[in-house]
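Okay, structure first, notes after.
Naming follows writing order (A, B, C, D and E), and every chain is counted from residue 1.
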C-alpha cells in the first residue's frame, strides 16, 4: 500500500525517539507520583486552610498549558537563574511537577475514600499514624486511586509529546524530523500514532478492568 | 482501674460531656444507656485517647490518658474497643485482620500472632473463616471478628460501643452471646448498648447518660427496678 | 538577585494583542465543546443503537481520541487530511482536532453517566408512551448531562489548554500563537509567556467558577 | 548540572568544558538538514564544526526549531547560535550578534496550481513562512499592508513546504538556497520558484549572550577568517553550488 | 378488555411464562399473587409490550400487542403502569413529572397538561408538592406521584407491580389507600401484590402464579378461604 523510502536506520531512529518518550514518562511519573503522594498526604493531613498555598501552586500546574510551563521553566532556569541543565532535565522537572499536581488530587481522593471509622479502628488497636497509613490507608486508597493513576500516567506519556520545545527529541519530534527528510507525512504519522496507541490502549483497558473489579466489592 | 474525673468535652459550641465522673474497677462490667447524642460514644473514644478532652482527667491503671508525655499507642494496647460500624479491614482476610496489629504493634512473630488469632477466632466462633475476606461475612460475623481482633491484643479493658445496633435482628443474639461469655470470664468492660435485657443481665452497674450528664448510676436491679431520675423513667418507659 | 533584567513593560505593552488572542482561544474552546458535546451525544446513541457498524465507529473514535496525543490529533487534522487534498485553515484544523478529542473523552464520560441512570427510567418513559428517542431525549439525556457536568467542565479546561497546540498547524491568532509571534519579534520569552500563563490561569478559573454557578442554578434537584 | 559560575567569561567556559554547543536549525536545507542516517549535516553544521575546531573543542549540534533558537540560548542550552539568524535591531536588544556570516536572498515559491508570475501576485493569497524568521516577519507585515489574503506561520520550514506542496498554502517566501534545494530534491512535488522577494538581503549572524563581549569578538574574527581563508567559498560550493557566495561587506559603512 | 391467550415467554433457556390465559373485563380488578420469580412482573411488562413474547397473543381492546403493525407507543397510552422501584424522573419537579408525557406524547398544551396534573396530584394527595423535586419526597409520595403520572395520561387500564414492596411499612398504607380509591372509581386494574389483606379486599378475582403457571384463579373469598392448589396452600400458610 505504501511505497516508502523508510530504511531500517529510520526505524532505529524512531525507536530511539520512542525510547526517549518512555524514559521521560517513566522518570516523570515516578518522581511525580512520589511528590504527588507527599503533597496529597500533606494536604489531607493539614486540612484545606493550611494546605491552601500548596493547593494554589499545584493548581497552577493544572491550569496553564504544558507548553507554556515548559517554555517558562526553560526560560526561568536558564535565562534568569542561569543554571546550565539539559532540556531533558527541564522536561523531566516540569512533567514531574505536572504529574504531582494531578497525582496529589488522586491521592487525596483515595485517602478520603477510606472510611474514618476504619482508620479509627486501626488507631484503637495501638497502631501509630505511620502504621495506619501503611497497613490500612495505603492498600485501601490504592484501590480507589489506581485506575485514575493509570489514566494519569498515560496522559503524561501523551503530553510528553510537547517536550520538543525544550529540544528533547522524543517520538513525535523524531517523526517530524523524518517527515522533513522523507516527506511521507501520512505513513510516518500513522506509525507514530500507532505506537502511542499500542502502549496506551492496553494499559487504559487494564485500568478500566481494575476499576470494574474493585468497584464490585 | 479506669478513673474518669470531671471530664468535659465540646465539639465547637456543643458541649457533649458536662463533667463526667466514673470509676470502673478491675473485673467490673459497666453498661451505659441513654438517648441518641447523649455523649456515650464520645466518652468511650475519650477513654482510649482517640478524642482529646477539654478539662478533667482520665486515668487508666494510674496513667493519665491525656497527659503530654503519655504514649497513647502503648496505652491503647491495654484497651480494646469495638465500634457500632463493622470496622473490618476489607483488604485483609479474617486471619490477617486479627494478626496485623499483633505483628506491627506488639511485634509478635507471625507464628505467634497466628496462634493467638486462631485461638481468639475459635473463641468467638469464627474458627472456620480464617481465609475468608470480611466482605463475605455477615454483619454479626464481622462484629465477632472485630471482638477477636481486639482480644488478640490481650487488652486489660474492653470498650463496646453499641456493637449490635447496625445488625439485623436475627444476628444480634450471636454477638451478645460473645459479650456474655467475655463478661463471664471476668473481663473488665464498658458497654454502651440499647439492649436493656442484656444490660440487666451482665452489668455490675448501669449508667444512664442524658445530654452529656451521667444522670444516674446504680446496679441494674435498682436502676431498672426503681429509677429515680425522671428522664431515666421516661427513657425506660419509651424503650419498653 | 538575578543576573537578568526583567522588562515587564515590553510584555505589558503587548497586553491588548494578547487579550485579543485570549478571545480567539475562548472561541475555539467554546465551539469545540459545543460541537464536541453534540457529537458525543450522537456517538453515545451510536453505542446504544445496537448496530454493530455504528457502535464500532463510536468505539474507534473514542479509543483513538483517548490513546493518542492531542498534538498528534491536531497535526493529523491539518497535515494528515492535507495528504488527501482536504485543506483546512489553521483555525479549522485546531477546532477539528480539539473537537475530535473532546467528543472522544465526553463519549466515555457519558457512558459512565449512563451506567448511573437506572434502566428503569427508560422503562418508565416507554410505559408512558414515549418512543425510544423520546425517552432518551426527555428522560435519560438531561440526567446524563447533569451527571457529566463536572467532567464536562474539566474537558472545557482541557480544551482551553489544548488551543496552545494550534501553533503546530500555523495558528497565530490564539493566545499562544500571539505570544509566540511577539516572542519572535522581541525575544522577551520569559516576560511574554509569564503574562500568557497568567491569562490562561484566569480563563480557566473563570470557567470553573462559572460552571459551578451554572450548575447551582441549573441543577436544583 | 551547574558547571560554571554565572558571570565567568563564556569563552573561557567553552574552552574549559571542551564542548561547543551550537543551536542549528535542521530543517533548513542546505544550511541544516539530516543525512540518510539522520545525522545533522549542512552549511551551518560545518560552520559550527569549524568554529569548534578553531576553539580546540568538540562541537555539539543542538537541533532547535526557528522559534526556539533564542530561548535555547537564553536558557543556557547552547553556547552559540549558528542558525541563519537575521541580525535585526529588535533582536539585538536581547542577544549579541556577530558580523554577518552569510546573506540570503529570498525567493517566492508557489504551488503549481496557483497562477502567479511576480511576487505581488501573493496579494490576496494564503501565504505562510516559518514562524519567527526574517521572511515571516516581512511577509506578515506585507499581508497586513495589503489587507487581504492570510498569513500562516508554521513551526518548521518543513511544515511550510509540506503545506505548500499539499496545497494548503498558495505561496511562501524562503531563502533562495532553501527554495532551490527543496524544489530540486523532489520531496515536495508540485512547487516552483516564481520570483525574487523584494527584501533587503537577509544578513544572518552568529549570536550569543548579549554581554559576552569576549566571545562576540572571537566570533567576529572567526567570520572574518572564514572568508579570508577561502573556507567560506568552499562551504558555499559544497552546500549551495557553483557561483559566488554573497558579499558580506556592505559598501559605504563600517562594521 | 385485556385478553391474554396462551402466552409463553423465556429469557434464554429459562421459561418464565408457560402458557398464561387470562381475560380482564372492563372495570374489573384482578390481583396476582405468587412467589418471587414466578413471572408476575414479566406478565405485566408483556401486556404493555415492553417485553416481546415467544408465542400466544395478548389483545388490548381487540388490538394485538405484539403484532407487527401495532403502534406500541399509542397502545401504551391506554395502559398505565407503576413499578416496584420508584421511577420518578429526578431532574423534573413533581408537576413536570406529571406534565412531561402529556405534553410530548399526547401533545397537550402546557396549560391543559398542568390542569390535568394538578387534578391528578390532588387526587393522590400531593397537591401541595407541585414544585418539589422527587428527591425530597418519601417513597410513598414518590409512588403516589408515579400513579398520578400514569393517571394523567387518561389510561383505560392500570397495571401495578408490587408498588408497596420497596416502601417502609408505615408508608404502605397511604399508597394502598390510593389504589383502593381507584378501584372504587371503577378503574380496570391488574395489581401484583404481596398484601393479602388488600388483595382480599379490592379484588374481583385473585390469580396465583407459581413457576410461570397460573395455578389458580378465583374470587378472593374462594381463593383465600378454600385454596385448591397445593402450592397455593403452602404459599398462603407461609405468608400468614
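The rule we apply is simple: contacts are C-beta pairs under 8 Å (C-beta built on N, C-alpha and C of every residue); 3 or more make two chains touch, one makes a residue touch a chain.
If you want to know which protein each chain is, UniProt gives these names: A, C = Inner membrane amino-acid ABC transporter permease protein YecS; B, E = Glutamine transport ATP-binding protein GlnQ.
Because the structure is predicted, anything quoted here is derived from the model rather than measured.
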| item | value |
| --- | --- |
| Chain E reached from chain C - shortest hop count over touching chains | 1 |
| Neighbouring chains common to chain B and chain D, by label | A |
| Leader among chain pairs (count of C-beta contacts) | A-C |
| Far-end chain from chain E, centres as C-alpha averages | D |
| Chain separated most widely from chain B, comparing mean CA positions | D |
| Cα-centroid distance, chain A relative to chain C, in whole angstrom | 20 |
| Length of the line joining the C-alpha centres of chain B and chain E, rounded to whole Å | 49 |
| Length of the line joining the C-alpha centres of chain B and chain C, rounded to whole Å | 55 |
| Whole-Å gap separating chain D and chain E, where each centre is the average of the chain's CA atoms | 82 |
| Per-residue overlap in chain C, given as positions that touch at least 2 other chains | 3, 79, 82-83, 189-190 |
| Contacts with two or more other chains, residues of chain D listed in rising order | 6, 71, 74, 159, 162 |
| Shared-contact residues (touching 2 or more other chains) in chain B | none |
| Pairwise chain contacts, counting only pairs that touch as defined | A-B, A-C, A-D, C-D, C-E |
| Residue numbers on chain C that touch chain E, as the complex places them | 118, 120-121, 123-131, 134, 138-139, 142-143, 146, 219-221 |
| Touching residues on chain A, where the partner in the complex is chain C | 60, 62-69, 71-72, 75-76, 79-82, 154, 158-159, 161-162, 172, 185-186, 189, 192-193, 196-197, 200-201, 204 |
| Interfacial residue positions of chain C with respect to chain D in the complex | 3, 78-79, 82-83, 85, 87-90, 167-172, 177, 180-181, 183-190 |
| Of all residues in chain D, those that touch chain C in their complex | 6-7, 67, 70-71, 74, 90-91, 93-95, 128, 131-133, 136-137, 140, 150-155, 159, 162-163, 166-168 |
| Touch list for chain B against partner chain A, complex | 45, 48, 50, 73-77, 79-81, 83, 85, 87, 89-91, 100-101, 104-106, 133, 135, 146, 149-150, 153 |
